[in-house]
Each structure stands twice: as C-alpha cells, then as structure tokens.
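The two complexes that follow have subunit A in common; it is paired with subunit B in the first and with subunit C in the second.
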Partner chain A sequence: MDLLNALVAFLNFVFIPAAAYGAQLALGALGATLIYGILRFSNFAHGETMAFGTAVTILLTFGLQAMGLTFGPLPTALLALPMGIALTSLLVLGTDRVVYRFYREARAAPVILVVVSMGVMFIMSALTRFLVGVEDIQFTDGARFVINARDFREWSGLEEGLALRTTQLITLVVAGLAVAALFWFLNRTRTGKSMRAFSDNEDLALLSGINPNRVVAVTWIIVAALATTAGVLYGLDKSFKAFTYFQLLLPIFAAAVVGGLGNPLGAIAGGFVIAFSEVVVTYAWKQVVAYALPGEWVPASLLQLMSTEYKFAVSFAILILVLLFKPTGLFKGQSV
Partner chain B sequence: MSDLDALREDRGNKDRSVASPVPIGVQIANNDGSRPASVVARAFLVGEGMVGGYGKGPSILNGCTISAEKGEIAVIVGPNGAGKSTAMKAIFGMLDLRTGSVRLNGEEITGLSPQARVAKGMAFVPQVRNIFPSMSVEENLEMGAFLRRDDITQTIEQVYGLFPILRDKRRQPAGELSGGQRQQVAVGRALMTRPSVLMLDEPTAGVSPIVMDELFDRILEIARAGITILMVEQNARQALEIADRGYVLVQGANAFTGTGRELLADPQVRKSFLGG
Partner chain C sequence: MSKLLLAASASALLAGGAIAQETTDAAGEVKIGIILGFTGPLESITPNMAAGAEMAIAEVNAAGTLLGGGQTVTPLRADSTCVDSAAATAAAEGLVGQGIAAIVGADCSGVTGAILTNVAVPNGIGMISPSATSPGLSTTEDNDLFFRTSPSDARQGEILANVLQERGVTDVAVTYTNNDYGKGLADAFQTAFAAVGGTVSITVPHEDGKADYSAEVASLAASGSDVLLVAGYTDQGGRGIIQNALDTGAFETFVLPDGMVGQDIVDNLGEGLATSFGTMPGTDSPGTTAFQELAAAQNLDGTSVYAPESYDAAALVMLAMQAAGSTNGADWAAKVMDLANAPGEQILPGELGKALDMIAAGTDIDYVGATAVELIGEGESAGNFRELEFKDGQIETIRYR
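Then we have the complex of A and B:
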C-alpha cells in the first residue's frame, strides 16, 4: 500500500490529461455556446471551424519553420496562431455574409439554421482536407516536457513517474488567459455588454440602439479566435487529423449543453465535466488501485469501465441524461 | 405570403382572417355618440387618423387619433381588442400605417424606424420582456443609454433618485427582481436616453395594487419633469385619475376623448368601460 505512488499515478494518467483535454473542450464549447446565445442556433460547423483554423495555423507554422523562425522552447504554432485566427475570422465572416445572413434577415427558425450549418460543415471539412489532407500531422516542436517522468522519479524517489508535457501546460495557461480575456470583454466593455444584451433580449437591444450587424460580426470573430485556439491546442497536445476534429463536435456540444447552452461559465464547467468523465470511465484503474490497496485486495482485472474506443459513448450518455433531467444544464442556460 | 415565410417555425397561419367564420372587413366604430378628438395638429406628439394592422392582416386601427402636449399624461383605455397597444405601437413605428401620420414636435416622423424614433427622443417600455434579465440593474440602465456617447452617471443617479430601490439592487441581475421592481428597471432603462416622450404599454400589468399606486406616483413625477407620457392601461379608473388626456378606443377608433376627470364623470364611459 502506497498512497503517494497512487496519487502520482492518478495525477499522471488521469488528472493532468483530463485537465488539458477539459481546457480544450471548454474553449470549443465556449465558441458553440456564444453562437447559440447570440445567433440562436447550434452551429454544427463548429468542429470544422476548429479544424480549418488548425489547418491554416499548421501551414503557417511550417512556413515559419521553413524561414528558420522558432519560438524557443515553446511550439512555433503559438507564433502562427494570431495569423491563423485572422484567416479563420475571414472565413467565418465570409460564411456569415454569404450564407447565414440571408436566413437571419428572413428570421428563419433555429432548426433551419442548424441544417444550414450542417451544409456549411460539409463544405468547410472539404476545404480543410484540400488544404492539408487527411493524414495525421504532428506540428509540435520546442521542448517536449516541463517535468520529465525519469527526472521526477530520481528527484522524488517514488516508483511512479510524473510527466507534464509542455503542450499540456501551454493548453492550461492559454485557455486560462483566453477565458479571462473573454470574460473581461463580455462584462467590462461596451461592445461585450451589448453582446450580452443582444443575447438576453434581442428586441429590446434593437430598441436601445444596439447595432445587430456589429454584434454578429464581433461574435464571429471571437468564435473564430476561440475555435482556432482550441483546435491548435488540441492538435499540439495530440496530433492533427481532420476526422478527429469532426468527432470533437459531440463532446463539445455535450459540454455546452451540460453547462447550459448560452452560458459561458457553464461551457467551461461542462468542458471539464465531460473531459473528466471520459478519462475516468475509460482509464484502467488497476495501477492506481494496486498502490492504494493492500496486495491481496487488488483485483485481477484492469478495472476499466469502458475501453477507450467507446469514449464518445460517455459524452453521448451525459448529453442524453442532461437533456432528460435538466435540459437547461448545470448553470442556468436556455433550454434546447 | 412571401417564400421566406416558409422558413419560419409557425405552423398554421396566425392570421385570424383565414379561419374566421365571418368575413372581416374594415369595421369602423359608430362614433355618433362621442365627441370628436380635439384639434391636435399643433400638439407636441400627434398620431393622426391612423389606419393600420399587422402585416397584410385586417386593419386594427381605423382612423384613430392620439395626441399629447409636453409634460402631459395621455392614457389610452378601452375594451379588449380595441387596438390600444396597437395604437401605441403605431405611434412608435412598430407597424406600418396605411394612412395617417405621426408627428413629434411638429416634425413628420411617420416613415422612421423605431430605433430612429428613439434617437429623436421617444422611449418605449414594452409590456413584457422589457428588461435584460441576466444583466445587472446598472447594466440594464447602461444599455438603455447605448446611443449616448456622453457621461451617463448623472442620468443613472436621476433614475436611482426616482426609484431608490434600484440603487440597492444595482449589482443584482434584473431577472431576479420582483415584478414591480422589474417594471422600475424597464422604466429606468427607457429614461436613460433622456427622452421627451415616454410610452408605457400596460406598466401595471401583473403588479399588486400597492405597487401600482407607487408606479403611478413615479409616472406623475416623470411627467412633472416635462416628459410627455403616453400610456396604455387596463386599470382604467386609476390611470384616468392621473391623466391629462384620456382616449377611449373602440374597434380601433376614438369613441370618447376628454380629460381624465371628464371621462371618469361621463356616465356613458362609466357604464361601458369602468364597470358602473
């Protein structure tokens, strides 16, 4: 029995990966929830927006690397990120101009916009595949670890190693900064407040002289920034593959719905709820339990509730449960 | 019906004329027994000879005329479906008039959008959904002043002076307040543009009688500051007591017009609309 080793194993295999994944989901869900709150539809193209943003950032990263520019111990992709955000903003603003605006002006029902966004999703996904292909792409460079498992073992004298990858730390720091900036913007600036007002009561916002076109444009730019950041962080942490980003749509919507659609705070909480549930359910707990319990009590099985291939079932189950029992989510959001 | 209507969620047709068992034509009230509306051409706010309805539906307003001088309280009362709220919305530009005109301070504003009318100094408090529920009381007031670029702290102080309870609740989300307090937030929000005309659509709907008296007192105070008030009210008797001008509408046309006191004293008005 060795609780310290159990704790380190838990941190290493469950807590740190889930926290990083949760931060990525939270950023993704924030974008989806903003669109729902302000433009009033569930944007099915959100995963593909993330993929497109990541794809252009990857191309820019390769360009920077070819020019011999790197970011020292940090990944070069962070240098390329602002430009990637700018290009993604252009894409979504263009999409809004060409596609969504027509339906908005016709005051189309949300369900119509959802189907429209599916069409946009297919086009964006094709665009991304044209740009960078369908293969797995690694674009992480710089220092790989902040804390190395071997160094940690030598330093602590424990059997278990603790590793903290640079990308995981960057994910948490960047996500924290992005969320802080977003909340500052929404709660302290005139434009941010007008976006909340528009989300709260569109007619009254119009009556107060708030310009709807400006609110919509600013929303899309923020969404592009959040989606690209989330996508790049996810790609740095794992790898980039266009199809994986399409699959991210489910956990992201589950996160947004769990938190309460339209509620930014809820999206963040939802992201972590989904990430931790996924990791906890699909992790083989035997290693941790072996440290925590006396030898003869340790069961022979792996103690894995579900194999990792089924991780999407976790988001799906949570989504269904929330919709059945608490449709407005954990925080007060709009019901679906 | 345009093709775009197909995109909307409404199932069935909300136009009553489709399913109505009797043909709906233009019905003009019998005005024989009433006095005509007073001469209004020169009043501060005038909606004259207004005819109009929603979309392509039947006319709800059939030539009604509403007016008010600066600092006056004008109250529109009448039976359900008389077009009271519609008359107010027409003055605010929320529906297109087929004939008639709206003038503010002598200026023709018939063709202006509601937002443009706000910029001209008109403020409107809708009957429902008249606040930003998830935003704090103070943010609600700030949003009311969105069009203004100058310092708004003094106007916020004036609103707090008028409704002291809002000062205590200024950090609280407006959606968590009681019905009466929400109504105060709604009126406060509308006052933030420093309007010359304040229009209230049933401000006392759903609030207790005590809160209603309190609200009417505040409305009197606002009018004394020189702001013209136009109000639609279900609580006709109480509203007419504070009214400088009262309009009784029937089927979208003026049935009776007079000062609030005159209408309260008129036996015909009492019998038909005030319950004896």
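Then we have the complex of A and C:
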C-alpha cells in the first residue's frame, strides 16, 4: 500500500495530460461558441482557422530563430504569437468581408452559413497546406520539461515518475490569462458589453445604436486570437500537422455544446469535461489501485471501464445525455 | 462528417482530372493510374512514392521502345485518401473513365481491397500495390489481377517476434493504428510471438490524426510491460504515442515496424529512441543503391518508405505489358510472376530500357529492381527485412533477414 505512488501515477497519467488537453479544447471551444453566440452559426472552418494561425506562427517562429532570437527557456513561438494573431485576424476579416457578409446581409438561415463555412474550411485547409505543407512539424524549443519523470523518480525515491512539460504548464497559464482577459473584456468594456447585447437581442441592440459591423469585426479578431492561441499551444504541446486540426473540430464542438452553445463559461467547462471524461473513463486503473490497496485485494484485470478506442464515444455519450436532459448545455446557452 | 468531406474532395479531384483528359488524349498513349493517399494520414510519404513510380515511367518513356515503340506512358494521379473506401473507389472509377490500362496502388490496405474488388476486378484492370501489406489481401478474390511489391504483414509479424525473442524480450505491450494495416500486423505479431513463447500484456488500438493520446499511453503503462510495440505511422498517432510515453516516463524501449520507420521520427525524438529497435522492408541487394543514386539525381529521397517499392510496381507493370505485347489487364498480369522471379537476366533500377529491348528480343529476364523483388504465393513480395537500431539519431541497419 503506497498512497504517494498512487497519487503520482494518477497525476502523471490522468490529471496533468487531461488538464492540458482540456485547456486547449476550452480555448478552441471559446472561439466556436463566440461565433455561435454573436454571428449565429456553427463555424466549421474553426479547426482550419486554428491550423492557419499555427502555420503562420510557425513560419514567424522559424524567422525569429533564423535571426537568432529566442525566448530563453520558453518556446520562441510565444514571441511570434501576437504577429500570428494579427495575420490570422486579417485572414478571417477578409473572409468575412468576401464571404460571410453577403450571407449576413441577405439574412441567410444559419444552416446556409454552416454550409458556407464548410466551403471556407476547404479553402483555408488548402491555404495552410500551401503555406507549410502536409508534413509533421516540430517547432517547440526551449526547456522541454519543468519536471522530468526520471529526475523526479531519483529525487523522490518513488517508483512512479512525474512529468510536467513546459508546454503543458504554458498551456494552462496562457489559457488562464486568455480566459481572464476575455471575461474582463466582455464584462467590463463598452465594446464587450455591446457584443453581449448584440448576442442577446440583435434587433434591440441595433435600435440602441450599436454598430453591427464593429461588433462583427471585433468578434472575428477575438476569435482569431483565441483560435491561434489554442492552435499554437496545441502544436507546441504535441506537434503541428495540418490534418490533426481538422480532427480537433469534433471534440471542440462537443465541448461547446456540452457547456452550452454561446456561453463562454460553458465552453471552458465543456472543454475540461470532455478532456477528463476521455481520459478517466478509458484509463486502466490497475496501476493506481495496485499502489492504493494492500496486495491481496488487487484484482488481476486492468480495471479499464472502456477500451481506449471508445474514447470519442464517451464524449458523444455525454453530448447526447446533455442534449436529452439539458438541451441548453450545462451552463445556460442557446438550445440547438 | 469526415467521410463526406473526403468524398467531396475526391470528386473535386475527379472533376479536375476529367478536364485534363480532353487535352491529353492522343494516339499511342498508355495511361497508368497512380492511386495513393495524397490527402489523409499518409499524405507526407505518398508524394515520394508517386515520384518513385513516375521515375520508372520517365525511364521507359526515355527508352521509347515500349510495345514496339511509339508509345508514351502517361501517369495519372488520383487520391485514395488512405482511409475512405468510397472516395478511393470513386477516384479509381474516374481513372478507368479516363482509360487507364493499369493501376499502381493503392497505398493503404483497406482502400486497396476496395479498389481491387469494386474497380480493378470488374473492369479487368491489373493492379500492383507498392505498400498494402494486410494479410487479408492474400486471400481476396482477384482473378489474378492483383500483385504487391511489399510483403504481407504476416511475414513481418514473424520477423518482429524473432527479433524480440533474440533480444530476450518475453513480454510486450502493443498499440496499433486502427485500420487494416495496424490490426493485421498486430494480430500477425501476436500469433507469431505466442508461438515463440512470448506474451502480449495489452493491446490498445489508436486512431490516427487525433488530438490527444494520453488515454492510450495511460492504459499501456498500466500493463506493466517494459517494451512497447507501436504498429502505426511516423507522423501520426504512432509518433504521438511514443512522444507521450517518453514524456510521462511510461516506456523507454520501443519496437518499430515499417510504418514507424522514417528519418523524421528519428530527427524528432532523437535520444528518446536510443534503446529502441525495429524492422522495415529492405535488402542489401545492389538494386537498392542503384535506386538511391537514381533518386538522388532527381532530388528524391531514395530511402523514403515505399518509394523503391513504388518504382518496382510501376516498372513491373510496364515490363509485363512489353512481355505480353498488350495493355489488356489479364494479358499483362499473366506475365508479372515470370518477370519478377528467377530465372533470367537480372534487371536493376536504371536498366528498364535494356530490359524492354531484351524482352522484345525474347530474352528471359528476372526483375530484381530496387527491392530485390521476388513474388510468392498469390503474387506478393517474399519480403526482405532490415533489422534496425536508432542510436545517435541515425537509422542503423544491424542485419538483413
């Protein structure tokens, strides 16, 4: 019986990875939910926006590295991030001007906008592939670990190692900062309040003199910032491959819907719910239980509720349960 | 959702191909379809594979003696997507509409089976895959139209089991990419490993291109094994799993089959692979070096996975057409086994022009090619494998098996 080892194994294999993944999903879901809340459609191009933002940031990072600029123990990509956000904002603002504005002024039904966004998704995904290609790209530099599994084992004398990657820590910190900034903006500034007003009731907002073009533009810029940040953090933590970002779309929308579409707080909660449920339900608990219980009580099986290939089924089961019993999501969002 | 998108993108590709057809259709032209996953999980290695096949085609065109001369071979690329059978079938049908006489491809086992059953067999078109390795394809009904220049995974499973046994590993955790290739290889390995007295402690499938592999690694770690066999792809879930396992300290030694071997993974993981080992198809035949030199002259990485097999697949198609004196699928397919196997004059990469002349003159040839092609059974490569280690950021060949 060794509770410390059990705790470390739990932290190492369940808590830390799920928390970092959850933060990445939460940032992605925040962007998707903002578009749903304010522009009133599900943006299928969101994953590709993340990919584009990351691709631009990667190119800028390589530029900075070529100039000999680095960020000490932190990844250089963080330096390139603001510029990447600016370029991604230009892209989405341009897309809005060329594509979405037409449909918005025609007051097109949301489902039409969804299909339009799929078209945008194809163009953006091609653009990203032209920019950086289809290969897997590693652009993380700086110190790799805050806590290294082997060092931790030697330092603590425990059997289990604990690893905390720099990128995981950065993900959590940056996600926290971004969310705090977003909520401050939405709740405290005039523009933020006008965005919420626009989201609550478009006609009333227009009557009270809110400039819709400004609201739309600001929304896109914030979405570009969130998407690029989420994409870069994800790419730093794993690696960049254009194809993966398309696949991120599903868990991101699951997170947004579970939390309540259009509700920023819900998007964050949804991100963590999806990430933790994926890991917790499919984890083989034998290792942790073996440390926590006296020897003869330890079962021979792996104590795995569900095999890992069902982890997406877990998110979707939660999604269906939420939609059945609480169609507006865990936090009160718009019903779908 | 993803299937819908892939189907849509495939039909977009087809539309593009149909426009091209009107301008290139000329007399004396033999069209060969190259169906590989230019989008999807294998999109990073397929360009090299297609380039390998097109090298062989360019060589034959340069010789200008195919089918009595005056015939040029035109490669037509199409996207198999690797994962979506419906899209791959549609792409192959599009090529048939353009009048192809042979198919080089497909890449992944699942879509290869789909194209074989739905397109190649009904239309009587011969097909040589450079990289489909699922054991299931050995028993698929093919009217003798299907060959592959890659060995079945059943063979690689045995090789892997032997390597592990010789290194004294008796208990291993296995993760495989959840498709025909991964599942076939994992099953073949498990059977072969059990036969030599080893135990597989846990088998965990993983999906490619997914966001996060913490859950898979956590389960694998819980098995208590020290060695992890990863039957996946270098730039996909396989690499994600290894990276995650290294970071969390779950495993330090990995066994890497062919799909996991590539310079990119060694560059990315470096020291993390110091104690790992693997296998990939390969031989020490002079053809390999000859191919690498040819490829290097055209700025192609000749060591890229399945690029040599692709060259051989395309070369075999054209040599067989020469031997049959026909582009009809059943005719040329009947010649493939003769050409690929001894006896006869040995043909290496770069000697396709010579081979065409010799066939025309009635000399028996044995196509050795870039991968020492030797077709067995239903027309699949007998399989020469290299045992590899990954010390100091280099892929090092320990021995040939």
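Note that the second predicted complex is superposed on the first by the 330 of 336 C-alpha atoms of A that agree within 3 Å, B and C clash if a C-alpha of one lies under 4 Å from a C-alpha of the other, contacts with A are read in each partner's own complex, and residues count from 1 in each chain.
In the analysis below, a residue touches a chain if its C-beta (ideal position, glycine included) is under 8 Å from a C-beta of that chain, and two chains touch if they have at least 3 such contacts.
Because the structure is predicted, anything quoted here is derived from the model rather than measured.
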{"item": "Partners on subunit A (subunit B, subunit C) - clash or fit", "value": "fit"}
{"item": "Partner chain(s) touched by A:Ser239 [first = subunit B, second = subunit C, both, neither]", "value": "second"}
{"item": "Partner chain in contact with A:Ala18 - subunit B first, subunit C second, else both or neither", "value": "second"}
{"item": "Subunit B versus subunit C as contact partner of A:Ala106, first or second or both or neither", "value": "first"}
{"item": "Which superposed partner A:Thr191 touches (first subunit B, second subunit C, both, neither)", "value": "neither"}
{"item": "Partner chain(s) touched by A:Asp136 [first = subunit B, second = subunit C, both, neither]", "value": "second"}
{"item": "Partner chain in contact with A:Ala205 - subunit B first, subunit C second, else both or neither", "value": "first"}
{"item": "Three-chain overlay, vertex subunit A: subunit B-subunit C angle, C-alpha, nearest 10 degrees", "value": "130"}
{"item": "Subunit B versus subunit C as contact partner of A:Asn213, first or second or both or neither", "value": "neither"}
{"item": "Touch count on subunit A, higher of subunit B and subunit C", "value": "C"}
{"item": "Distance in angstrom between the closest Cα atoms of subunit C and subunit B, superposition on A", "value": "23"}
{"item": "Common ground on subunit A, meaning residues reached by subunit C in one complex and by subunit B in the other", "value": "none"}
{"item": "Subunit C partner contacts - residues on subunit A that touch it in the complex", "value": "12-14, 17-18, 21, 24-25, 118, 122, 134-136, 138, 145, 149-150, 153, 161, 163, 165, 234, 238-239, 241, 243-244, 246-248, 250-251, 275, 278-279, 282-287, 302, 304, 307-309, 311-312"}
{"item": "Residues of subunit C that touch subunit A when the two form their complex", "value": "1-2, 5, 8-9, 39-41, 43-44, 178, 202, 204-207, 209-212, 214-219, 221-224, 234-236, 239-240, 243-244, 247-250, 264, 268"}
{"item": "Residues of subunit A touching subunit B in the complex", "value": "103, 106-112, 190, 193-194, 196-197, 199-201, 203-210"}
{"item": "Residue ranges of subunit B touching subunit A (in the complex, touch as defined)", "value": "4, 7-9, 114-115, 118-119, 124, 126, 129-135, 139, 142-144, 146-147, 189"}
